[in-house]
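Letters A, B, C and D mark the chains as written, and numbering starts fresh at 1 in each.
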Amino acid sequence: MVNLISNTSTSIITALCILTVIFALLMLFAKTAINSALGLLAVLLCSAAIYAVIGEHFVATIQILVYAGAIMVLFIFSIMLLNLTEEEKEQEKKQEKKFFTPHLIVLLIGPLAAMFAFILVAFSLEYFSPYVSRYSYKGVYTKEHIMQIGGNTFAMAQELFATHYILFELISIFLLIAMIAAVVLAKRKID
Amino acid sequence: MLERPTCLLSIIIFLPSVFAILSLLLPMQKEWIRNLILFSSSLCSLLLALFLWNIFDVKNSGFQFSEFHEWIPKWGIAYAIGVDSISLLMVLMTAIVAFIAFLSTSYNCHNHDHDHDHDHDHNHNHPLPAIKYASAFYALILFLQTALYGTFLATDLFLFYFFWEIALIPMLFIIGIWGGSKRLKVTIKFFIYTLFGSLFMLIAIIALVAIHKENTGVLSAQYNILKQGQLAAYFDGSSPMAALSSPQLWLFLAFTLAFIIKIPIVPFHTWQPDIYEESPLLGAIFISALLAKMGTYGLLRFSIGLFAEVSNYISPLMCILGIVSILYGALCAWSQISMKRVIAYSSISHAGYILVGLFTLNAIGMTGGLYQMFNHALLVTGMFLMASYLFERVHTDNIREMGGLAKIIPLHSLALFILLLSLIALPGTNSFVGEFSILVGTFNMNIRMAPLLAFFVALGGIFSALYAFRFYHLIMFGAIYKKEKHKEHREPFLAFDLKIKEVLVMGIIALFILGLGIYPDLFFAKTKISITTKVMR
Amino acid sequence: MNELQSLQTSLQTSFLPFWIILLPLIGLIINAVITPLIFRGVHNHLHKTKVIFAGSVATLVIFISFLLSCYAYFILSSNSSAIKSPSYLWPNIDTLKISFQLVIDKLSIILCLVVTAVGSLIHLYSIGYMGKDDGVVRYFVFLNLFCFSMLLLIIGNSLPLMFFGWEGVGLCSYLLIGFWYTDKEKLQNATKAFIMNRIGDIGLLLAMVLIFKSIGTLEISNINQIISTYQSTYQNTYQNIQQITQQTLDSQTITIICLLLFVGAIGKSAQIPLYTWLPDAMSGPTPVSALIHAATMVTAGVYMIVRFSPLYQASPTAMAVIATIGAGTALFAATIAIAQNDIKKVLAYSTISQLGFMFLACGVGAYTAAIFHLLTHAFFKALLFLGAGSVIHACQGEQDMQKFGGLRKYLPHTFVTMMIGSFAISGLPLFSGFFSKDEILFSVLALPYGGSGLYLIATITAFLTAIYTARLISMTFLGEERFTVMVRKYLHESPSVMLVPLYVLAFLATIGGIFGLHHFLVPNNYSEIVIFSKLPEIGIHLPLTEREVMISSAFISIVGFILGLTLFRTKTKESKSIRKIFKIPLSIQRVLENKYYVDEIYDYILVRPLRLFAYHCSIFVEQYVFDLVIVLLQRVIFSLGKKLRTLQSGDVQMYLLFFLLGITSFLFLALNFKG
Amino acid sequence: MNAFFQIQLLSAFLFFVGLLVVLLKRNIIIVLMGIELMLNAINLSFVVFSKQNYQIEGQLGVLFIIVIAAAESAIGLSILINFYRNFGVTKTSVANTLKG
């Protein structure tokens, strides 16, 4: 499996990966909503960094702009709007005994995660290539070709607006609908 | 002799359903329409049955007038019907019972439990209000009749099973909707019971056809083809353990379980008394007289007919089962208080006789069993009619509250007495012919304990006399007003004696009882047991 | 062998037997259908004519059939041995072919004569007796039905046909005992009678089936023929039969057949184990007791045994059993009869003891003596019953003898006829009873199967019979008047319609013995049924000639009679109980009066536990044993359902988790099974 | 262990952490955040796979996923506001009216 990334960048990537893992666990074990929101924000930023290191500059910027910028802002705004932080604590006490305790859930999810991970890794190491040889289609966008077109963003633009333009239009309509829905749902019933 | 009509049997089967559709269309509330439909349908099927009866020649023992149309060739299922001497008697019985039932219940056929609201007007000359949703009720009854003819005439096992299940559905509605007070609980129990039984039968049929295909390579569910199949290989009666492991025994047990639940015989009879008590008159007649006979007919035709070796091996056991139900039914009938429950237990006792008769496996015993099927159907119809007439006059089903009716309504007591004679199987009545041949049949079984079995069968006669007289005395004799003490709320006994139509109906039944007693060959000349001789010992 | 063939040939087939049977049936139909129609609206003022019309129709019909049987009697006494009627096949299953045929032979003609003669007299009597009763038409219908089935029993040729009559007679006795059905007590007695008969009938049924299996045919004449050929191959009928040729027919099966038939006879003729229904049957009207429970029905058992006499000849053990049971019942019933105070109960027990006598005669082998005693017994017992009936009629239904006394002055005719009857029954010389009883006593001595022991029991019973009959006469007719003033006011002699039968029967009771029926039976060895050589002169067991036996029995009966008359003839107002007379302790008297408590024992051992078992059967067993499966099933499903409900907890995340588990398991399966 | 392998592992880990958040957290907002995290994890592995096979469609897909994630969270939050208005508290266990 040819190594597309230089050694230094792999070491940076491992560091970033460890960082995102820490932030994800922070988000999981956060007591209050704000802390978990910040945890998520941190994870998003680190993944944007990973994108950048790999060379996907356009995706990285979009990630920061949309994900970190818009969505997280929305979340924090709604947390602040509904000021939930206090009730969190005293609710904790009278938790009625449930059949599926958290530990049992973790226990159940564990093997699934392992299996899932195994599949992803196996695909990335082309472990299955002999079986799926028919489908593996090596794309044309090698590193030099991207350089020759003029960078990652140009390649993305060409692909997005030339070959998949219908998709682009559809996604915009989709966004429009989502916006209207959000407004209708959240509107306070005046009458 | 006129050319043999080919599709006579199909007409017989589907004629009642034509009338059923008619009854759905016409407003059956009006009395004259109802009378017209019911009378004409029963008359036509009776005439057809009689026509079939006299052009049926006794010589060839195979299936006559048989029709064969491919239905599902892939699984070898065909619409194959045919009649032989056994099913001939059954068709005749169904026609006669239906004729009597429709003749007698053209106006007072509803169950009174849930009609307490209508006022107790005492001038009984105007006919009582007809049943609600009358057209649906009669359609179901007529449809049930089709299913009955179907079961008796089907020679294809799947077709038999098909009609067997079809007969269940109208019964469910008849009792479920028009039944007595606690009808739902009872119907569910009945339905589960019979379905449970017939499920095993279906499995057995499929297994049988599969085995047959394996043996002979012919895929067909025809009765006479399956009979030739070498099933003997599947059963070795050398030791009980070996017998238990042989598949033919299990097939036999599956079939017999379905039939025994239907008849019913003792271990599976708990649904019967409640059903008889809760169902409307017509429903009760059809279930007790005809649906029960489906069970016994199935036993004779399929359980004994197909599995000769097993029935040879297991016949003493089945006779003991029959005897248990004779004695148990009689004992229970002895201590019942509601009239319909007494009839229910007495028909269990009679079913015991039939079972013993069938499993004697010799010509006399089996013919006796066959006669008893016919006689019992008539007897039960008569008893239920009497129960309904008495209910109409005395407005209570509890025989402890009746008493001294013989002086007030003497014709009733006469009719009930004649039925009683047939119940006790007094010589001179039709059931004596049947029971005597069953007794002779049991005695001629060449197993060591045959005399002992015969003794117990004869013992049944005493018990039947016991409960018959007790039941008759509580209703007819004794002090006239049972509820002397709190007399104020008991309305006067304005019991009016049998009307002309009721006298006619009871007259027909009495004629059958005494006529067949003195000259049984009138009907039974043509019923020769056509079971293969290898069953006969 | 050839002698039997000759008998067969002189058979005549005619419709006579059918007519003898059908006449009562016609009377029955007339009374059942036409009389109610004629007298539909009318109530009491035309009641008298209704009674006379119905009564006369019934009596006439029986009388005509009596004349027909006389005609048949003349035919038979002249040459032919039997009159057969045309027959058709009754139940016709492949090997079970029974022909519906009626045969009158020498034996059955006597019974026909008895039934029709006594029957018509009793019909005449009951016109008077049942005059005031409102159900009188129904009464005559039942009486005619009884005569029909009794005649059918007598002349039916095949065993099931006889069984037809047998159960028909049982049914009529049930109907007539329970005639006044408003009274619960009478109904109980009626059912008891029918059930007891039915128990006996089981024996008969099983015998029939055994005969069919071993001998193959159910025609009585064929059976007897096969048995007699079987016997004649071993000439000496008295020698014990060991050599058996036919494989199905060995002496053991014959004995079983005879015993089973005897069980049927016990049930019907009220012998030891199954006799308790006869005294209770007295709750029916008195003419009924006279006809059914004295003259005709109860003798059916004896008749059946005599009819199968070749069968019984072939099995000495069965004969011994019959003899012992007969003698036992005779003595047992006689002891009870002495202590009874109800006039009809006394007569009932005396009937049982006389029947015991007849069975003793059959058991010993003297079938002709049995039939002869049956004949004479029918006459004098009917006479006594009818006399008792007219006494009860006069005293407005009073049946207790302690309330009678001194009726001689008020009921002279009844007294005279009852006196003749009691002479006959206690066997005073010159009366019919003497001849028949003496015949039995001597045959007990003379024939091999008899014995001095049986002779002793028989003489004691004869002595007791004389005593209790005399007691009956003296307590009712002689001595002080013990009835109330109110009874005296309406005391009147019975109307002539009741007295005429009494006198006719009295006449028959006296000359019955000499009349010669006796010789009619024996000399020409009349039918293939009874193979019987002449009585030897000297008794084998005791060296007494017939003459000496006759003298001794005459002496015993005279002494007994006088003893009974004098002892029970009281001067004082209150009647003397047997305790004072025979100086026996009170307890024995109470035991005798309560019939040795046999009824209570039966009730306690059989009836009560059965009723209890039936009650529990229908309640407990039904719900818990058979419904158990259903109840359990229902409970299991219900609890399962409850648990599953908690699963739907409404927690969104829980659903998500299940969703996830489902998806992954599918994924996992899909991966592993490559299809 | 080259870079891509690590990122794949990271994406699987993140996906299941997101799942745990969704399943364990009682507060709806955090549940929504959990979903966002899971979507983000998928983007990571998407990008790496497309990079490996020299294709650009992967990044395109990521783009669309981001758009959808945005729409989804918008609607999710508006539903949350309604939920808050009805139930007064944003705990998941309150909404059990569909209990069996």
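As a convention for this text, contacts are C-beta pairs under 8 Å (C-beta built on N, C-alpha and C of every residue); 3 or more make two chains touch, one makes a residue touch a chain.
This structure is a prediction, so every number in the text was calculated from the model and none was measured.
Novice: Select, from A-D and A-C, the pair of chains that is joined by more C-beta pairs in contact.
Specialist: A-D
Novice: Could you name the chain whose Cα mean is nearest to the mean of all protein Cα atoms here?
Specialist: So the chain nearest the centre of the shown protein is B.
Novice: Approximately how many whole Å separate the CA-defined centres of subunit A and subunit D?
Specialist: 7
Novice: From the C-alpha centre of subunit A to that of subunit C, how far is it in Å?
Specialist: 108
Novice: Using Cα averages as centroids, what's the distance between subunit B and subunit C in whole Å?
Specialist: From the centre of subunit B to the centre of subunit C is 37 Å.
Novice: Rounded to the nearest whole Å, what is the centre-to-centre distance of subunit B and subunit D, using the mean of the C-alpha atoms as each centre?
Specialist: 70
Novice: Quick check: what residues of subunit C touch more than one other chain, meaning two or more?
Specialist: Residue numbers touching two or more other chains: 649, 651, 657, 660.
Novice: Considering subunit B alone, which of its residues make contact with at least two other chains?
Specialist: Touching at least two other chains: none.
Novice: Counting only residues that touch at least 2 other chains, which ones in subunit D make the list?
Specialist: If we look for residues of subunit D contacting two or more partner chains, we find 19, 23-24.
Novice: What are all the touching pairs of chains?
Specialist: Every pair of chains in contact is listed here: A-C, A-D, B-C, C-D.
Novice: Could you please specify the touching residues of subunit C with respect to subunit D in the complex?
Specialist: Residue positions touching the partner: 645-653, 656-657, 660.
Novice: Okay, in this complex, where on subunit A does subunit D touch?
Specialist: The contact residues of subunit A facing subunit D are 1, 3-5, 9-10, 13-14, 17, 20-21, 24-25, 27-28, 30, 33, 36-37, 40, 43-44, 47, 50-51, 54-56, 58-59, 62-63, 66-67, 70-71, 74-75, 78-79, 81-82, 84, 87-88, 91, 102, 105-106, 109, 112-113, 116-117, 120-121, 123-125, 136-142, 152, 155-156, 159-160, 164, 167, 171, 174-175, 177-179, 181-183, 185-186, 188.
Novice: If we count contacts the way the header does, which residues on subunit B are in touch with subunit C in the complex?
Specialist: 189, 192, 266-270, 273, 328, 331-332, 334-336, 345, 363-364, 367-368, 404, 406-407, 421, 426-428, 433, 436-437, 439-440, 443-444, 451, 454-455, 458-459, 461-462, 465-466, 469-470, 473, 476-480, 518-521, 524-525, 528
Novice: Within their complex, state which residues of subunit A touch subunit C.
Specialist: 98-100, 105, 108-109, 112, 115
Novice: Would you tell me which residues of subunit C are touching subunit B in their complex?
Specialist: Of all residues in subunit C, those touching subunit B are 88-96, 100, 160, 163-164, 166-168, 171, 174, 178, 181-182, 184, 187, 191, 194-195, 198-199, 201-202, 205-206, 209-210, 212-213, 610-611, 613-615, 617-619, 622, 626-627, 630.
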